[in-house]
Amino acid sequence: MLLTVLKAIGALSVLGLAAASMLALAARKFHVDVDPRVEAIASALPGANCGACGNPSCFSAAEAIAAGRLPVTACTAGGKSVAQAIGALMGDDACDVVAAVSVRHCGGGTNASRAYEYGGVQSCGAVAKLAGGALVCASGCLGYGDCVRACPFGAMSLDERGLPVIDSAKCTGCGICVRECPRGQISLLELVSDAAPVVVRCNAHNKPRDRKSSCSACCIACKKCERECPADAIHVIDLLAVVDYEKCTGCGTCVEVCPQDCIDLNAGHLSVTGDGKGKSATAGEQALAGAVSGD
Amino acid sequence: MKSSPLRLIIPVVLTCIAAAASLAATYTITEPLIVAQEKAAEEAALKSVLPDAVTFEATDATVLGAAQEAAGESKVDAVYRALDADGQTLGWGLKVGSRGYSGLVKMVWGLDRDGKVLDLTILSMNETPGLGTRIKTEPAFLDQYKALPSAFAEKDVKALDMISGATKSSRSVRDSAVAVSAVFDAVLKTAGEVR
Amino acid sequence: MKEWLRVFKNGLSIDNPLTVLMIGLCATLAVSSQVEGSLFMGIAVIFVLVMSNALIAMLRKVIPAQVRIPIFIVIIASFVTVVDLFLKAFFPPIYAVLGIWIPLIVVNCIILGRAEAFAYHNSVWLSIADGLGMGIGFSFVLLGLAFIRELFGSGKIELFGSAVLKMPSGYAPPIILMMFPGAFILFGFVVAFVRWLNERSTERKAA
Amino acid sequence: MLTISHFLLLFVGAALINNILLTRFIGLCSFFGISNSMNTAFGMSAAVIFVMMMASTTTWLVWKFILFPLNIGEFLYIPAFILIIAALVQFVEMYLRKSSPALYRAMGIYLPLITTNCAVLAAATEVSKPGFFKMAMPYSYTLGEALVYAFGVSVGFGFALLTFTALRERLDIAPVPRVLRGNPMSFITAGLLSLAYVGLAGWFGL
């Protein structure tokens, strides 16, 4: 009886000794002298590995920043707070960062008429390959949520009209949704400064007459907003109303005056006097706008 | 690593020693029980196959080795000599494992002194329930093997029919039977003389 | 005592079946074809979980962080071997059914997970509560699924040799439920059902 | 007996016919966790192949030269083998981090997951302690066979994992009823996939 106990103790402790000493030896010999700053920066970064800064993971981005290959403001997703934290770590004061937010230039969804019934793979990428998408309008939002799935920060969700609503509090402007959207290159989704109060909910460039037939919420280039705007911040260029965010004061006259109601609030910002009534603004956006202004 | 390596190694080795000690202790307590359990199970299986045998004597290694040699593909786990009340060789108990549809089919065969199949049971198998298991649930199939003549040869076994839809499983029983006949001819017939 | 109950309850909480299903999958799936086997499996997991949690909590000050994984694993492995030997000695038929799945309790994600997440940072008393809660939660899910699988899969539930519950005689049991693929598919629907139940209760609460 | 066809049979048997994930259902802990994107699945499969080969050889040696001769293997094999696997995984992780950070970033992060992976422990034990799986013929492996078997099992693991990941990625964009989205659907797909693998049973008499 005693013999088996001794043999067992002997065998297992030899094994334990071998394993532990191997680990201790390895810990010493293979000690990777990780630059402490890299770990500090890595912990400052959001850690979503979203790839917006071009690195596969936040850890590799931290290494690049610590080595000076990337600027302190490399992490677009992190925005100002992360940039300042890294700036403090790296010693130089971080320059002021223009935080960007993604906005949707389409008010179509259920308003847009459909070219054909589509029952295939539920992804915008797939439907866009089929004769340019299921909508008559060639630049409208297809509504199958590729951008919603791609957003690493969960800032986007599809509303009842099938259009992506962007929660600018969570959106870090990493731009993945713009890349993911098959209509991204015609900037259906666009990165604008997070101070942008109003958004034109259309980005069609064909003749207004054709547009009317394809969607009831489109911009018909009537130039009313251009005439009414006190800060001369909105112009109809190439048959489409475009907002110049440097001059725009966010007074909201264009929102009220537009006959098609296709200019409305960029959710979460209410320097606009109006109650953010824009008909095409979704319930979500209004609720959000209301919540932000605290009324 | 700032802390000296010893500080890391000692706790691991201590845990190993404690674990080994406790396990060795439990093993020594449970080991006899396990062996007893296995023996009892084996005995029960042999009893069910050789009802009127009183004691079972495991044959020595040479016989087992020769049996395994003769059995070829199938695996002979054990060969027992069945003795009646006054110690005469009554017959043989063979534990044979052969490859079925998915894994091992273990059977116990009871032969009398001149090689007549007294009885056989399937100890354990892993065949697909409902299909392969029919070799056990349908008694007709096994009864055929009981009807085999004494000192049956391979051709007698091949003459028996199989269960359709469970060819692989029924072939395992047939392989087992062939192995038993081979072992009997090669080893047991000669060793069967009165002790 | 109140703290003890809080920890125990959250081990047992309603979302535990979902989490348990996702992490303790290896054994749950294989063993749940029999109620009797699952019963013993549940008890074994509870025993190993509670004992290893208690021992690790007792030694947590002594175990250096860099080598904690090997030490945890040796402790859990020794308790599992105790169970293995115990079953082999006293319940051979059960051992025949559970056989390979007992040693695999060692790598069962729940136990190492609880040891690392909870036992290494809390007092012995609370670790026992957590172990008990998690163990019973695990067995609760395991038995529930074994009940469904055995009843519908083989038409009757055998407990210690006697058929405790029988389906009406004309019932032709679909064997697939007894095989592994059936278990997977059944799991899928069970998880969906539990999720649907949760949603309905949250909706009713919200409305 | 040691002909090429014997090894090939052993490999195919371990990889496809008795695929450890989808016919023996061992190692599912990480199967659902890892299979959400292809590159994670690739990383995990590579790590499993690497670790399983090393673990199986070490356990085979420990069983042959330490546990079996002293015949204390019967009760010591669980702690001994799992200790070897844990130590090996941690050692490989440190070595990789030092020698090639790129490979570490691609494969290294999955290594701690492998310690709690049932497949590695099951394969390591079956290779060394014969009869661990009651189903297969109790059969003691030579070192060469052990290596081929471990390679087969890990390739089978990787193969099952990759097919399942591909299915699951495709599922994310398929029109699935709301309540079945996500986990329940992947359970059901795994069930159907394992039906396909179970169909392979009985080939070559394995």
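General observations
Letters A, B, C and D mark the chains in the order given here, with residues in each chain numbered from 1 onward.
In the analysis below, contacts are C-beta pairs under 8 Å (C-beta built on N, C-alpha and C of every residue); 3 or more make two chains touch, one makes a residue touch a chain.
Everything numeric in this text was worked out from a predicted model, so none of it was measured.
Greatest centre-to-centre distance from subunit A is found for B, with centres as Cα means.
No other pair of chains shares as many C-beta contacts as C-D. As a whole-number value, the distance joining the C-alpha centres of subunit B and subunit D reads 31 Å.
Subunit C and subunit D have Cα centroids lying 22 Å from one another.
Centre-to-centre, using mean CA coordinates, subunit A is 68 Å away from subunit B.
Contacts with at least two other chains are made by residues 4, 7-8, 11-12, 15-16, 19-20, 23, 27, 31 of subunit A.
In subunit C, the positions touching at least two other chains are 66-67, 70, 74, 77-78, 81, 85, 179. For subunit D, residues that reach two or more other chains under the stated contact definition are 72, 75-76, 79, 83, 86-87, 90, 134.
On the side of subunit A, the complex with subunit D involves touching residues 4, 7-8, 11-12, 14-16, 18-20, 22-23, 26-27, 29-32, 56-57, 59-60, 119, 121-123, 126, 149. Residues 23, 25-29, 31-33, 75-76, 78-79, 82-83, 86-87, 90, 115-118, 121-122, 125, 132-134, 179-180, 183-188, 190-192, 194-195, 198 of subunit D are the ones that touch subunit C when the two sit in their complex.
Remark: subunit C residues 62-64, 66-67, 70-71, 74-75, 77-78, 81-82, 85-86, 88-90, 92, 96, 175, 178-179 touch subunit B in the complex.
Considering their complex, residues 1, 5, 8-9, 12-13, 15-17, 19-21, 23-25, 27-28 of subunit B touch subunit A.
Note for the complex: subunit C touches subunit D at residues 18, 22-23, 25-26, 29-30, 69-70, 73-74, 77-78, 80-81, 84-85, 99-100, 103-104, 106-109, 112-113, 179-185, 187-189, 191-192, 195-196, 199.
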